[in-house]
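Each chain gets a letter, A, B, C, D, E and F, in the order it is written, and its residues are counted from 1.
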Amino acid sequence: MRPSGRNPDQLRDIKFTCGFTKHAEGSVLVEFGDTRVLCTASVDRSVPRFLKGKGEGWITAEYGMLPRSTHTRMGREASHGKQGGRTLEIQRLIGRSLRAAIDLKALGEHTITIDCDVLQADGGTRTASITGGFVALSLAVQKMLKRKQIKTNPLHGQVASVSVGIFNGVPVLDLDYAEDSNAETDMNVVMNDAAAFIEVQGTAEGHAFRKEELDAMLELAGSGIKELLEKQRIAIEEHK
Amino acid sequence: MRPSGRNPDQLRDIKFTCGFTKHAEGSVLVEFGDTRVLCTASVDRSVPRFLKGKGEGWITAEYGMLPRSTHTRMGREASHGKQGGRTLEIQRLIGRSLRAAIDLKALGEHTITIDCDVLQADGGTRTASITGGFVALSLAVQKMLKRKQIKTNPLHGQVASVSVGIFNGVPVLDLDYAEDSNAETDMNVVMNDAAAFIEVQGTAEGHAFRKEELDAMLELAGSGIKELLEKQRIAIEEHK
Amino acid sequence: MRPSGRNPDQLRDIKFTCGFTKHAEGSVLVEFGDTRVLCTASVDRSVPRFLKGKGEGWITAEYGMLPRSTHTRMGREASHGKQGGRTLEIQRLIGRSLRAAIDLKALGEHTITIDCDVLQADGGTRTASITGGFVALSLAVQKMLKRKQIKTNPLHGQVASVSVGIFNGVPVLDLDYAEDSNAETDMNVVMNDAAAFIEVQGTAEGHAFRKEELDAMLELAGSGIKELLEKQRIAIEEHK
Amino acid sequence: MRPSGRNPDQLRDIKFTCGFTKHAEGSVLVEFGDTRVLCTASVDRSVPRFLKGKGEGWITAEYGMLPRSTHTRMGREASHGKQGGRTLEIQRLIGRSLRAAIDLKALGEHTITIDCDVLQADGGTRTASITGGFVALSLAVQKMLKRKQIKTNPLHGQVASVSVGIFNGVPVLDLDYAEDSNAETDMNVVMNDAAAFIEVQGTAEGHAFRKEELDAMLELAGSGIKELLEKQRIAIEEHK
Amino acid sequence: MRPSGRNPDQLRDIKFTCGFTKHAEGSVLVEFGDTRVLCTASVDRSVPRFLKGKGEGWITAEYGMLPRSTHTRMGREASHGKQGGRTLEIQRLIGRSLRAAIDLKALGEHTITIDCDVLQADGGTRTASITGGFVALSLAVQKMLKRKQIKTNPLHGQVASVSVGIFNGVPVLDLDYAEDSNAETDMNVVMNDAAAFIEVQGTAEGHAFRKEELDAMLELAGSGIKELLEKQRIAIEEHK
Amino acid sequence: MRPSGRNPDQLRDIKFTCGFTKHAEGSVLVEFGDTRVLCTASVDRSVPRFLKGKGEGWITAEYGMLPRSTHTRMGREASHGKQGGRTLEIQRLIGRSLRAAIDLKALGEHTITIDCDVLQADGGTRTASITGGFVALSLAVQKMLKRKQIKTNPLHGQVASVSVGIFNGVPVLDLDYAEDSNAETDMNVVMNDAAAFIEVQGTAEGHAFRKEELDAMLELAGSGIKELLEKQRIAIEEHK
């Protein structure tokens, strides 16, 4: 049995609060159970140097955890003077995943920065960040269309992400902290609305995993992501 | 007239949501109108090196703004590799102000770190941080008393803070961003529940201010802080 | 009684040695008793990015203490790899204070950098820095006028600063280190030659202070600053 | 056809030069075609703080590229003052992968640091680093056994890694730079000698990939890693 | 007797492997006995800001040691976040020495960066770096001439370097680590092919040295450098 | 002719003001003409980690230039976040030079830090720093003897330093800025009171120098240092 009493293929309660803050072009508080991440999308009329003059845009992401979003207080990265390896790895992952959903030519010379700040952590902050980040990105794109900053919608699909793992020998979906810290294998999967893979990152924590375990986990991920994509659509639609 | 339509001596809507996050010993979302700051208090059973073996505790504070808490996105301090001068100045001020409310001997060898993270900024983030920080500190102290980590309540009073300024020639209380960015003079005042001053920081932005203007501003601050202290008491009481 | 034997309203011996170093456009060694600060003003024909093309100038300040300016050796900030919060706070204060004395339009597109380096510390280094910084700034402005870099004098007044505090229950002027480290309340005041306030920064170190104590301290500050402004005038005049 | 003329399931020429440098407890120059990485294993009789007194050891890894290991010169991370996100991500991956092959209890209170320095890059530097890093680790363990620093061999298996991808629509093994920079999908796979997965990291660069493409890539990886494990065994054996 | 059995005026085995790596315009592995340094020369079509628009080029150098190039593992400078004083001192020396051999006007607006990375250290890494750096520079210049990036050879001579010292009271040439760590005096000499001095850096480690000792060391250096210049010529000639 | 009108073998006016600041155990303002360096010696009852428990002491040095000690303002290293290569090189040189004058065993477990801060630069700041640093060190040692922190004088001699160079083809002593910036060759020499060399650092700026030029410069240095040693003795004696 899972500590939360959930079925192996059951997501936590998923909630999107669009417009959680007022300044950003797109803003959403995403909740995967007790994991709460504030995702904002900020539009800037310039592009990084390597894209100057190419007529293309860029999507980049930054990730942070509030010091006491976790069980024990973590040091603040700003006061340590640098972002840790885990942070850099996660924000690279978020950026790559969201770029897979957008036509950068159609975006034109704009940079959209997705900030994912974890207010409360209970496992799965990176998958919540990607899933919420997509919503923030969509809201920002809608605002750009309304303001006529762009002519056509550059998004050519949806992207969502969920974690899967093997807990007490059983493949389970959407691990919370209690499971995550005891899982034998942990995998983060990013997929699009065509049910194809954007990213697959699996790590054996306890024991190496076999092909049939991998297949079982990927199937769970597929069904979970299908649900998440549906919930994203509803949230975006309702906010219009 | 004030942009918000408030009277010169009128605070914005003040709201404390205690227990906003679950991991911290004390946690509160404080709102001064559209300014929203998440304040957490984290208790650690150790003290900084300069206090080792003295039987005393310490209160320290850290302050941060989420990158898109503001009108235009600010760079993330963690990725810049250092905290700016404004940030360091504010967190020093919060720490000093809260230490004025506590008997460090009675706290024993514990450090309480107050994290003030601005989710949305609309002027007065430092005064909201001090006012909310005191609530988070009180909640943490209550938890320490319940857990018998300390025997007596080390808090010997309350501390709250508000800004005052001169806007269009008129002294006004609790400036929002629209006023703050156009004020001729800006002053942050920290007071305790005995109506005495902990900190007075006044800056002439446009023109130097005279003694009678200073007096008028301090009087406004005194009445505003009285209200804030009352609201703090109610919030702490209701959360028990 | 004060450790130095001074009356409560008595400044330390104040001394300005103009032209203490030869390269800077303005240079002065300012002494408030045993506190000695070398202030230089450096003129640069460019402005920070946020002012480019606006036809305005800028005044900025940097502050540092030589490692053995103090009783025990402090670490060198350059070798620590960053300036501490206190340093940043002080240099922001010096910059704001001096900008209050100058018409940035009349300065044209020049930046004047005021460097305040403490050769020997005995309390009050920030007030000495502001007071000496104004003299260095004036000398640099004179040189610019002589060199016809500017047509009219952009200084529209004088600025000086002094500390006041409550020591053994008595309000006193211009605290030295022996007083400063034992004061119950410490306040730095910056005023102009129209007897108006530029900055008021009061901190309760031991006990919170009441309005009448604040008033007494501000009155002391006013009379001390009047003396300092007179001494600045003489020093600048004699150096012509 | 592949730019190199290789078959889709063909590795590049693989070469291990054990003892390439003399100071390290384990040292090997690993070559995957034109990709050359110097891997050294350094034994230290201490452990990181979080393991102190637990009787366990630790394996950690650091990764770097010489500035001109690449087509155009990259900045030196030491002079930039920090390691980039890609570097941190790779060294975390190498460390995790090698820890999966060792019993940290049996290692006792020793830290083995694996340094992987890329002398020449032509694609696949991270998979070469893991594959060579395992050889360096094995050589260091042999030396520890000879010197009686440990009693039993803590290695409970082998670990190797290879990249796979989809190039011009065809799944291919061990991508070189010409392929890597044009691949639609890129995947790094780490496996042990029981043919189980340690890490699977797949990224869609051009288009999202489907389950059957994933399966084809993993099968290629499995056969390639089998070959690499055999070559590791021979290299280690010959160096004894 | 010297630990290595060499005569006092005998160099170690000197070896240049030109073209050791393939991407750099010039690349050589230089060996002074067991000291092995990879020197590469990278050509860039731009110049540092202070030379912009002057029609001149620049030569700069960077130096690094692989963490386990030494007896015990040194920390990696990239992960420490800064280059140490010794590193900076050495790379400044290499840059100055090589600039002495080239006509920067004739180089035109190109920067050539010489990277010297120590794969294995056994004393004399800075002298090997200069000596090998000159070979890498020459190879790069040849390539520029072939590619018609420059019209005439900007090199107006050769530069090489060797260490000398006083070991057990005897002046000796080209110290290895065993001698270097016990030498009473240590001197690095850089000379050109006209037998004139570019740099002389002598340091008394044990006892101060007298003029006649200095003279004896400089004579040894002169004869050693003559040999090195000859070996450079052969290596460069053979690589054509 | 020299720009200053001095003879080739003539030092600038040399002046030592002992006790220039009051907190340091040893303090001197050293002037070589217009070059003015404040040298302080600070005694600390601890030693660096590598000397712990060995019963030996240590001498270390730090060097800095005030931002406007030079013709045009230099950036402040503390605000840049690191010390430049030149600074690190100079402070390593000062430390090595002064350690050559002291018996570290006799110093016992104390660290003496020599801070050399350039108030005004006109060429030769490193040689002035070494020469003044020795005076500050001597004054601190005298104070330690008086306070009975050490029993015997650990200084076994004197150390002083001067620059020599070739200016307009003529070897000259003690170069000022006007000469230094135009010299063809520049050499810094450190010697002890037995007329032996501690450091010799010669750099060809314009053209490589020949052995007879080196000899002429060293002879000039020897006579200049003899004078400096005499002036040091007088300054130290008078301050007793």
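Note that contacts are C-beta pairs under 8 Å (C-beta built on N, C-alpha and C of every residue); 3 or more make two chains touch, one makes a residue touch a chain.
Heads up on the chains, UniProt names are A, B, C, D, E, F = Ribonuclease PH.
Not measured: the values here are computed from a predicted model.
Counting hops only between chains that touch, subunit A reaches subunit F in a minimum of 3. Steps from subunit B to subunit F, minimised over paths through touching chains, total 2.
In this structure subunit E contacts its sequence twin subunit F using mostly the same residue numbers, the overlap exceeding half. With centres defined by CA atoms alone, the chain at the far end from subunit F is A.
Using the average of C-alpha coordinates as each chain's centre, E ends up farthest from subunit B. If you average the CA atoms of subunit B and of subunit C, the two centres end up 28 Å from each other. Taking each chain's centre as the mean of its C-alpha atoms, subunit C lies 33 Å from subunit F. In terms of their C-alpha centroids, the spacing between subunit C and subunit D amounts to 59 Å.
The multi-chain contact residues of subunit A, meaning those touching 2 or more other chains, are 81-82. By the touch criterion the chains form one closed ring, and its order from subunit C via subunit F is C, F, E, D, A, B.
Touching subunit D in their complex are the following residues of subunit E: 21-24, 27, 34, 36, 38, 40, 42, 44, 62, 64, 66-73, 76-83, 87, 113, 115, 117, 119-121. Taken together, the subunit F residues at the contact with subunit E in this complex read 82, 84-86, 88-89, 91-92, 96, 100, 187, 191-192, 194-204, 207-211, 214, 218.
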